[in-house]
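Chain lettering (A, B and C) follows the sequence in which the chains are written, and residue indices restart at 1 in each chain.
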Amino acid sequence: MIVVKKLVKRFGLKTVLRGLNFAVQDGEFVALLGPNGSGKTTFLRILSSLARATSGEISVAGFPLPSQSSAVRRNLGVLSHLPLLYGDLTADENLHFYGRMYDISDLNQRVDQVLELVGLLPRRRELVRTFSRGMQQRLAIGRAILHDPQVLLFDEPHTGLDQDACDMLDRLLREFSGQGRTIVMTSHDLSRVEDLASRFDVLSRGVITASIGRNDLGRNGLAEFYRLALAN
Amino acid sequence: MRSDASSAPLPTHYSPPRRNGSFLKSIGAIIWKDLAAEMRSRELLTAMLVFALLVILIFNFALDLDATTRKAATPGILWATFAFAGTLGLNRSMALEKDSGCFDGLLLAPVDRSAIYFGKLISNLVFMLIVEAVVLPVYSVLYNTNLFNPGLVSVILLGSIGYVAVGTLLSSMAVQTRTRDVLLPILLFPVIIPILIAAVNASSGFLQGIAQAEIMPYINLLLVYDVIFTAIAFMVFDFIVEE
Amino acid sequence: MEPQPVTLKLLNTLSILFFLGALGMVFVYAPLEVTMNYVQKIFYFHTANAWVGMLGFLAAAVAGIIYLVNHDLKWDIIEVAAIEISLVFFLIAILSGSIWARPSWGTYWTWEPRLTTAAILEMVYIACLLLRQGIDDPDRRARFSAVYTLIGSISVPITFLSIRLFRTIHPVLIGSGSASAQGSFDMTPRMLVTLFFTLGTFSVIFITLFWHRIRLGQLSQLVDQRKLEE
């Protein structure tokens, strides 16, 4: 589903990603871990076609980047810590807007479905400006899956959420994964992510330095694996 | 593969949208979105209108003209007002996108990036035209002159199109810099001078009832400028928004 | 950083020699013009600077487009160099034109097409440099700069034509120089020779400064790189 070979990203003279190799199978849930500034966000931005790689081969959902970025975006749902929502519009209007941008058929029905999924149906006519951070993030999740994308890229989605919102997010993540979607999620919260993902990759100093499946995690779990991976 | 009963069923397949259909549809969506948001908050229009009226007020005291001279100066005063108030609208329109990261939201849509350019261009144009539509009657009343002249209106339309075509592109750039709001007028004004020259002279011509033949060169200049710069902006927009 | 190549050292010397030569030609060889006497001599410098400024203008526009095509930062350095030097040359042209205008027409400034366009061009240059200042990412800075330079390089000629159009439809006001007044003295062959020599001189000076400025840009880039590697 996602294939990355020798990805290099330079910002002027600073090299952030140095020949990164990465592959995700259809239906896998990969947690991307790494220290601050390791390039996780940059990597996700490149995968979502918001940024352009300096060199390397990338293909997402079967389409190469950057040449067929439009086709990639059609199959991609993206969530970052910014909600990407318009404060002056209602929840309903926000979803309708994005629905039109993605040219979704039966939009009204779809919006209803999604609002129900994220538990915002009763608040659909309220301005997003009045939403709490947790509610905004829930709506953002709705926006991300509105067009039923095969691949989900979530960048630190739990940031700033309270316990309830986090639990709902986790429930949704499990559900999406259960539906066979491919998910790549970056996170700082090791304990949370340990229960969600099926695979854990560590991005450090511009490359993937370690990768492990959930079943192979030792007695000491993810924290130990992560510590070891960074120590090398 | 469905989990608990409270989750809504998600349909699994959409047929891929036809390319051209979604291009126009997304332009329409952006315009609708901008207008709907503005109708709610009315921030942008209020700011532009108040500013425009203040500028006219300032001109009134700064220039203190007698009736005849003012008549000759009217086109200049109008266009100066539009040029200044316009930057407010352009800045605000882009800032709204940038601030909640919504620009990324636009960029994630599976359409050609130029759809974003055209969408923003048209909504910026609409706002500018609304402001101009208010300023004209107000000016007419304040100075007891008749500005309801079809020729004048067409000049204002053509001039605004050119202004917004370049302005939308430049504001997309300016909003990504540290200096932001301050930078837009500095970038914009030197390159829209042809619009000002043509628009002021054509406006003046229509208001004074000068022969059509003498005004046409200026109208042609406006048309040429509009076409050239809309085309260029459309071609280079990709370079501005990618990272 | 490599030492100056032989060609550059040669150009340094040539620039100085030519400049001295040009001074000599302007003040000694070229005859005194009938009406304006010594003041007219500034015309050689004025025209040469403006002409060479145009070269810089073209160079900047072309370099910008090339950068957009191949994303090689080298072209960005060339573009900035061209803009900065062209800015200075045009400034000298404007100032010398101003000095000429005062005794000739009693005013430091006239709103005639070429002078006005030159002033607007300076504003475009300054705007571009300010734009660059507000961006940290080198690639984005280069892209934005190239796009703005492209817009400016098309807008400014249109501006020139617009002002000319304006001037032909509206008769020139008394007291300001008309387009025909500038340079409207008959040039003797010796004056022509002087003019061409001065043009050549300033072209050489332009190329020399351009080259130095590019080297400066490359050095600066090298410094940034070393800083990152620490």
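Note that in this section contacts are C-beta pairs under 8 Å (C-beta built on N, C-alpha and C of every residue); 3 or more make two chains touch, one makes a residue touch a chain.
As the structure is a computational prediction, the values presented were derived from the model and not from experiment.
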{"item": "Topology of the chain contact graph, where touching chains are joined (line, ring, star, complete, other)", "value": "complete"}
{"item": "Pair exhibiting more inter-chain C-beta contacts, A-C or B-C", "value": "B-C"}
{"item": "By mean Cα position, the chain sitting nearest the middle", "value": "B"}
{"item": "Interchain centroid distance [CA atoms averaged], subunit A/subunit B, Å", "value": "35"}
{"item": "Centroid spacing, where centroids are CA-atom means, of subunit A and subunit C in whole angstrom", "value": "51"}
{"item": "Between subunit B and subunit C, centroid-to-centroid distance (C-alpha), Å", "value": "33"}
{"item": "Contacts with two or more other chains, residues of subunit B listed in rising order", "value": "243"}
{"item": "Contacts with two or more other chains, residues of subunit A listed in rising order", "value": "none"}
{"item": "Contact set on subunit A toward subunit B in their complex", "value": "45, 48-52, 70-71, 73-74, 76, 78, 80, 82-89, 93, 97-98, 100-105, 110, 113-114, 116-117, 127, 143, 145, 147-148, 174-175, 178-180"}
{"item": "Of subunit C, residues touching subunit B in the complex", "value": "68, 120, 123-124, 126-127, 130-131, 133-136, 140, 143-144, 146-148, 150-152, 154-156, 158-159, 162-163, 165-166, 169"}
{"item": "Sites on subunit A touched by subunit C in the complex", "value": "11-14"}
{"item": "Subunit C residues touching subunit A - in the complex, by the definition given at the top", "value": "73, 137-139, 221, 224-225, 228"}
{"item": "Residue ranges of subunit B in contact with subunit A within the complex", "value": "1-3, 7-18, 21-22, 25-26, 28-30, 32-33, 36-38, 40-41, 96, 100-102, 104-112, 242-243"}
